[in-house]
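Data first, discussion second: the structure below is written as structure tokens.
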Amino acid sequence: MKRLDLIFSERELDDVLSALEKAEVPGYTVMKHATGRGPERIVTEDMEFTGFGSNAHVIIFCEQEVIDKIRENIKSVLSYYGGVAYVSEATPL
Amino acid sequence: MGQNLFIQNALSPPILFFFLGAIAYALKSDFEIPAPLPKLFSLYLLLAIGFKGGIELQKSGFTYPVLPTVVAAILMSLLIPLICFVILRLKFDVFNAAAISAAYGSISAVTFITAESFLESQNIPFDGFMVAALALMESPAIIIGLLLVKFGATKNRPIKRKMKWGSILHESMLNGSVYLLLGSLLIGFLTSAVDPTDIKKMEPFTGELFYGAECFFLLDMGIVAAQRLARLNKTGAFLIMFSILMPIINAVLGSVVAKFLNLDSGNALLFVVLCASASYLAVPTAMRMTVPEARPSYYISTTLGLTFPFNIIFGIPVYMSLVNTMIPQI
Amino acid sequence: MGQNLFIQNALSPPILFFFLGAIAYALKSDFEIPAPLPKLFSLYLLLAIGFKGGIELQKSGFTYPVLPTVVAAILMSLLIPLICFVILRLKFDVFNAAAISAAYGSISAVTFITAESFLESQNIPFDGFMVAALALMESPAIIIGLLLVKFGATKNRPIKRKMKWGSILHESMLNGSVYLLLGSLLIGFLTSAVDPTDIKKMEPFTGELFYGAECFFLLDMGIVAAQRLARLNKTGAFLIMFSILMPIINAVLGSVVAKFLNLDSGNALLFVVLCASASYLAVPTAMRMTVPEARPSYYISTTLGLTFPFNIIFGIPVYMSLVNTMIPQI
Amino acid sequence: MKRLDLIFSERELDDVLSALEKAEVPGYTVMKHATGRGPERIVTEDMEFTGFGSNAHVIIFCEQEVIDKIRENIKSVLSYYGGVAYVSEATPL
Amino acid sequence: MGQNLFIQNALSPPILFFFLGAIAYALKSDFEIPAPLPKLFSLYLLLAIGFKGGIELQKSGFTYPVLPTVVAAILMSLLIPLICFVILRLKFDVFNAAAISAAYGSISAVTFITAESFLESQNIPFDGFMVAALALMESPAIIIGLLLVKFGATKNRPIKRKMKWGSILHESMLNGSVYLLLGSLLIGFLTSAVDPTDIKKMEPFTGELFYGAECFFLLDMGIVAAQRLARLNKTGAFLIMFSILMPIINAVLGSVVAKFLNLDSGNALLFVVLCASASYLAVPTAMRMTVPEARPSYYISTTLGLTFPFNIIFGIPVYMSLVNTMIPQI
Amino acid sequence: MKRLDLIFSERELDDVLSALEKAEVPGYTVMKHATGRGPERIVTEDMEFTGFGSNAHVIIFCEQEVIDKIRENIKSVLSYYGGVAYVSEATPL
């Protein structure tokens, strides 16, 4: 099994989740209120109250096939607004 | 007298709490107001000013000078971005210039509130319908900003970033803070037409609590503004100048219009403050969604880190002097 | 007159703010109230209604009609789930039927509050002891729901899910919201016996602020209810019908009992609203813990997405007309 | 060393933590307020104020033996109420 | 009379809400107030007591007995840690002894507030300037704690942990809660000199709401204290004894000083409570940063889990009796 | 690519972030409000309002070289105040 970590602005959350649903992921977990820095931008806590939005961290445990299905859609969202996506190995307990 | 006003403003609780926050950051105190508590206060303030504005609008009706003032405010929120755009294009590309322009065409609700508090402690009367002007200046500024991008940068953008009218309107009207402000205004307007006792029951929440909540929020704004200010060095001297001088230019423009509209000095100050202030809520959010090419640090750091503190600390008393000069009080 | 009541209710601030939230969701505005801010308001409302109810109970004592009304309320919270269960078993298994039944036997504090606000703007008096009825209807409904599972499904459950009396009582009495409501009721009751000045000092917090906080909370409830409503299509037509018709049936039952108890029209409306409303706080939480076989979407989506908005928008004025018909006012 | 990720309803947090303590984990980290979707249920933010509870994400860095000790207890909690558990490799910095 | 005071205190809303929280934990109710809501209330309470204290200080000026009382309070916050240190060194190393000592030299703002509420319901007058004493007792206690480490453990510490004067002062003066308290005090002091109408506008927020917010916060403190108490078994009998007996010793010391200062019984009680209470905000934070060798559970669990509940439940009425004995009322 | 997970008291966040910046990480993500237990201490939610601070979880995706540059500085912060740091494998999506 694989583990996919996505980190991006929470304002794109709906787009990302519907991309995940389209790829028929078995499930996902969302953690909001993440801050951070990427190659260009810095995301701070005060962006939460200005409506600008902080980051969301989405974790998906799934098979390799699902990862392959996800790739295109997710990449197009992340290339537009920024964000990162990494895959690693994971075994069910 | 101007100096007097300045000191009186600087020693009012909202401004002092703002300083308290800013100094906490400067002295590296670990004092902080964790998310999402600032959001609670920003939601509350928008709801309360909208609601109270709606009640006042119901009271005054659309008699003179309500309608002309509101129309003039909307026109200012269309005109100011155009002036800004011309200036900013000297140094910035279309995307950044448009996004920053939109921010300055729009308003800062907290600056407006602070100006109201200032008028109250000066015992200068003002009218509640000015909130309607406030509420109606956000969307046009966003629209004009997006139009500048749509027509100014149409060739350079990839297809998927082509802007559609639907999304322009959506971003400008349904942005969270615009929506809450306009919605609360409408609710205040409707309710006070139907049942004045309901209004009275809201008063402790939307009215009495307001000043304290404003102070608490400004405490947080002090921290945030100082953080932004500290990061401003990367934005360059041009933008730093712009974010101090543009409010003054807009204020002068605004005071001319206010005189022309024959507003009393209280309303005139509020009108000037609306023109001079810049948005750090609705506009940046809308720009982030629709003009990702623009650097957020340009339009947030300047409005939050410079224009906002400048306006509440120096701007309000200065604009008051300006208004007093132009509109002689009886 | 019924139509009149409907419009007056629909134009009151709490309902208008509820609409504002619901429309935000419908129009895809990015307006939101981030967690845990809604929790702050739900905790506050429970504390405040409990506390004020305790004070009123101290005032009225256990004279007529306090005790019979409270007893009747408890009986209703036992009876209603049984009726619901019979109906729901037509379509659902024991687990789901029991969980949904318990929710309808219990109450919605926010519906109750909205009904109180409605009575206030209609200038119809009502008694504070009704809060005691409210507070005491949660636990019995949970217990009856769990008993239905215990005896209805005893053979099908694996051993580790066998329910013990201890955990049934724990879930029904010590659920966070039940606990806060009952605890605050007791504190109000005790304090007002000992020291009325303490009560007065609480008044700005628990009393004056209440109406505004209610509006703010309903703004969030509007978003949540709309989200739930949007997902209701998966629950099927039977349950959708149930969640509109069952409140009406329960309201009719309630009004008969209210007439029998000889309640004034204000208290009668509150009694009817308690019967007609369904729980989305205590009961779902308890069911989730003890009956994991039941689908939460069944008992949360219906109560939050349909029964709750139906009750506050249409139910309250309709029940008022019903009460006015059955209990002629002097 | 191993990394164990557990995601489940925060209402089971006490049960899970005591299962971890029983297996003598060297430490753990808890992040609450996670939302998500699993094979059956969807967990949204509004569940926080209704008392229903959102998800908790628990991370444990430990040796393989501890993982083996944890397995039975954790699985019995997760099978009852739902939730996921995945193991991956991790090396101390 | 002592018993009477005890019952009256125990049946006041703040203490009852504290019990409600503690019992929730004891009975394993799932009732909780999620972070960061408790932070909202702790920030609010600090801001409000600071602000009101500043106003009162402006009113009273630095006339007798303001200055001597404040100076005495500061001296007590330097003396008490020294006494504690001597006692604690019997069982603990320099690091732990110093950290715990600093906590007991400092104060608990919530204990102070509870004592004020107690005096109000006893109709015993007290002066607002006591808040200045409160605000000025945090930093000296931290400094003395750090000095004890600096000079007591200088040889055992690795170089990078050598303490510098700069960081000692930073930790003691710029700790978030100390900063907010002192800052709000200053703002209240300045504002009330300039513009009394601004003060009036703050009153609903900082004044009227205060008692209710205090109750809400104590509800959370009840949960937290009970959690800490449950974990106290690991700290050993010596520390448990210490955290009950030391407040009493400090109270006796404080009452002698209060008599010497010729304070009225209200101010005397507050002075005694300041001496007897221990810090769980500023001091633990400062110690965590500068003395990481000390075990936080020692200085937090005892102050929060034992000393704090002991003081608000038993301490306040006992100290009142003590004050009444020593300072005969006219 | 590597993934680095750091968990430590949020009061050290500024120190850690400047250590990361010095090592020229391409970006990082911060999640605050984590609680947990380590070999010595237990960190609970109430530490947030007392100012004591809960934990921060920092995630960095970067090359092995950056990890090597980070190591010394991070370790000196974590050894002083406690906290954990683990590295695992990650591939860009």
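We call the chains A, B, C, D, E and F, going by the order they appear; numbering starts again at 1 in every chain.
As a convention for this text, contacts are C-beta pairs under 8 Å (C-beta built on N, C-alpha and C of every residue); 3 or more make two chains touch, one makes a residue touch a chain.
Because the structure is predicted, anything quoted here is derived from the model rather than measured.
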Note to self: Under the document's definition of touching, what chains do chain B and chain D have as common neighbours?
What the structure shows: A, C, E, F
Notebook entry, point to check: For E-F, which listed pair, C-D, A-C or B-F, repeats its interface with over half of the contact pairs the same?
Noted result: C-D
Next item on the list: With contacts defined as at the top, give the pair, E-F or B-F, that has more of them.
Entry: E-F
Next item on the list: Considering only mean CA positions as chain centres, point out the chain farthest from chain D.
Entry: B
Note to self: Taking each chain's centre as the mean of its C-alpha atoms, which one ends up farthest from the centre of chain C?
What the structure shows: F
Checklist line | Length of the line joining the C-alpha centres of chain A and chain B, rounded to whole Å | finding: 33
Next item on the list: Round to the nearest whole Å and give the separation of the Cα centres of chain B and chain C.
Entry: 41
Checklist line | Residue numbers of chain E (touch at least two other chains) | finding: 30, 34-36, 39-40, 175-177, 204, 208-209, 285
Next item on the list: Return the residues of chain A touching two or more other chains; collapse runs of consecutive numbers into ranges.
Entry: 11, 31-33, 48, 51, 88-89
Checklist line | Touching pairs - complete list by chain label | finding: A-B, A-C, A-D, A-F, B-C, B-E, B-F, C-D, C-E, D-E, D-F, E-F
Margin query: For the complex, give me every residue of chain E touching chain B.
Written below: 36, 39-40, 43-44, 47, 51, 170, 174-177, 179-180, 183-184, 187, 190-191, 194-195, 197-198, 201-202, 204-206, 208-209, 285
Note to self: Quick check: in the complex, which residue numbers of chain D touch chain F?
What the structure shows: 1, 3, 26-33, 59, 61, 88-93
Notebook entry, point to check: In the complex formed with chain E, which residues of chain D make contact?
Noted result: 11, 32, 48, 51
Notebook entry, point to check: In the complex of these two chains, what residues of chain A are touching chain F?
Noted result: 4-5, 7, 31, 33-39, 55, 57, 67, 70-71, 74-75, 84-89
Check: Where on chain B is chain E touching in the complex?
Finding: 8, 11-13, 16-17, 20, 23-24, 27-37, 40, 117, 120-121, 204, 208-209, 211-213, 215-216, 219
